[in-house]
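Reading through the structure tokens given below for one structure.
Each chain gets a letter, A, B and C, in the order it is written, and its residues are counted from 1.
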């Protein structure tokens, strides 16, 4: 082994090396996806698994085309998707509008924290479905209870991360701003809020991901459209190609949502991405 | 460096504070920036646990004077600075700038911290413009002022960058520009180069002297580095520990402008020896006090 | 709650295509038996209450309650139970989808124990009055099937009624909040709705007379039956003993059912009356399972149910009558009753 073979693990990578590294990572990711797909294709093609458990890629694709053009139980695929996205985003946006300011105030005032913290900490570990039974009794079987469940799922990560962000603002920034002549309102707008933003953004991402995972649970009771309901209903009738297709759409939409919120994060906190 | 060359072609001249006010300070300041610390004591805690950090500290700094406060760590020198900045209220005595007693932090006292504490979410330009924006409320004026001071510290080309993209020394230069952009009466510097490596630190000391030559404001500079204090200051105020108090006030009679060669001049070496012995004696005293306390605690 | 959580897991397992093979072994006795039972009123409650399975099989029994046959199918797909019970629509769905189970005995014939309850103050006198109203039934179950069949019988387009997928317990919650005006579910939840402003418009017994018989059938997992044929026989002996007890000791049965479901005895008695339990010897006649050589009417019902579900877009294709008959095996029961 020559000296050139010894690479310092922490040595900063050159532009070319970084590019190569990124290319290798992408290739590995691509290989994994291709390998899984191939395994799926071959195992179904040679009848190694019961098609009830794992339908072939072709069957899933057919289910996709059929649902997109003819629909599933009265709604086209994009209508199911929009119904679900509508519910998720309504619950999420409401949770952001309430959870972020609440979290900031909780981070700043121990009294406010003492009031709200037990409530959030009490229901946070409850499984969404257990909570849902109660919500259905209170709010009925309509969309209100579905949005309420998604709202409740979205809230804790938002308040907790906003609270931690607000409580963790470096006091040296406040000191610097005050010695530069900043008043209370200016301090809040120019120092406090931007200092909290990275933490809040992280909370927003975690929250959206978690809210999305609760979607299927939220659509189990008395829905007539929605991706979660479609998967649930299809599984009841053992239509596994629709189940798998629905899961793919659910996963891809989830990835798209995460991508969208990363873009928001970049736009809101550009200094972290330079 | 010529001050007028730093002005942009369309630079407006606001009444006060503005470049004209700064220009007045280019000549040795006469009546603006007099700092008076009178009989200052600072103590923390209550009852038996009460601990005096600084005792009977008195210091007069003339307008435009550069005073270095030198002392072993834990002697309370930073606390004195925080009182002047308005972050810590004095337990006894008073602090005045141009005859006005200090009650709260304010834009008339610019502060440079050990870490640059630049706002990471603001560009270099917006960081420097922050003070003027707070005091004038006009972002265009603030930006023009900020550009002037970025040129003064030689970082005009980096105005669009974020602080994280700059080296430690560059960040600290931005920090100095940010503090100066408010045209403060007094510039308070709390070991501003303490976190830098030796080479950068030497460069920064020269840069600071050049900036100060352009912008003659009163400076109170805290450090534990003897050579730094002598190289920069008109006076070196040596502090002793437990409780913090002044043990010597040594004038530095090395003519300005100074150069790194001055480190080897007779005057420099003499003051350095004097400071070294004072600091050593204070450190020994503090050490004996501590071991005495430890022995009592053990016995 | 438990059933829903269980079903979510089974759903996950189904989606991932995970197949847990039962531990292989040549013993004649399994280490334990898991029985999935439906939350309704039939002789299985008696069998359970009297501990007959423990006595007959001599191994620990794990009882898992399911809200509807659709949930049982999911558990079967995930191989989580050894024995189960499903109504004819979920059985038709499972069989058409080649679930690895076989029908071995009749749990009950559905009569007034399942009924369409409507809100009294809404003045609903016929199926036509349901147009534009909101109704509920557990999708994929006997009552969902009958709800749509009854609407079609009355010449009402099923799409003109807003039919929601509600488990019987969720239907009660929705009913209490006046979110729905009609629901076709079974006891013990049916009674709760009747008692809070409801009346019966139609029941499953009436639908049977009109040519839509519904029943619940006891099923066994094929792998289990192959590995432990004697355990299947023991299982059937226990179930038949329960049925005998139900038929011969009505008063004791009322007490047992009331205790199992935490109901007043009067309610239990009425629900018991609404359920028809078939003696084991009778189950192997032409009206029911039939015999190994001559399968009975159950196979016909399955074909009819599957055809109906295909029309509803719930099944992609229908198998032949012989195929459906193949999923019913009266052989185990014939041995137990000695015929």
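Going forward, contacts are C-beta pairs under 8 Å (C-beta built on N, C-alpha and C of every residue); 3 or more make two chains touch, one makes a residue touch a chain.
By chain, UniProt protein names: A = Taurine transport system permease protein; B = NitT/TauT family transport system ATP-binding protein; C = Taurine transport system substrate-binding protein.
All figures in this text were calculated on a predicted structure; none of them were measured in a lab.
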Please identify the chain with the largest separation between its CA centroid and the CA centroid of subunit C.
B
By raw count of C-beta pairs in contact, what's the busiest chain pair here?
A-C
Centre-most chain, if every chain is reduced to its averaged C-alpha atoms
A
Mean-CA-position distance for subunit C and subunit A (Å)
39
Taking each chain's mean CA coordinate, subunit A and subunit B are separated, in whole Å, by 48
What is the distance, in whole Å, between the centres of subunit B and subunit C, each centre taken as the mean of its C-alpha atoms?
84
Out of subunit B, which residues touch more than one other chain, so two or more?
none
Indicate the residues of subunit C shared as contacts by at least two other chains.
none
Once bound in the complex, which stretches of subunit B touch subunit A?
85-87, 105-107, 109-111, 113, 115, 117, 119-122, 130-131, 134-135, 161-162, 164-165, 178-179, 182, 188
Residue positions on subunit A within touch of subunit C in the complex are 49-50, 52-54, 73-74, 127, 129-130, 133, 136-137, 140-142, 216-217, 220-224, 229, 231-233, 235-240, 243-244, 247
Please give the residue numbers of subunit C that touch subunit A in the complex, ascending.
1, 4-5, 8, 11, 14-15, 17-19, 70-71, 73-74, 77, 93-94, 97-99, 136, 139-140, 159, 162, 164-167, 170, 173-174, 176-177, 179-180, 309, 313-316
Which positions of subunit A touch subunit B when the two form their complex?
170, 172-173, 175-183, 186, 190-191, 194-195, 197, 269, 271, 274
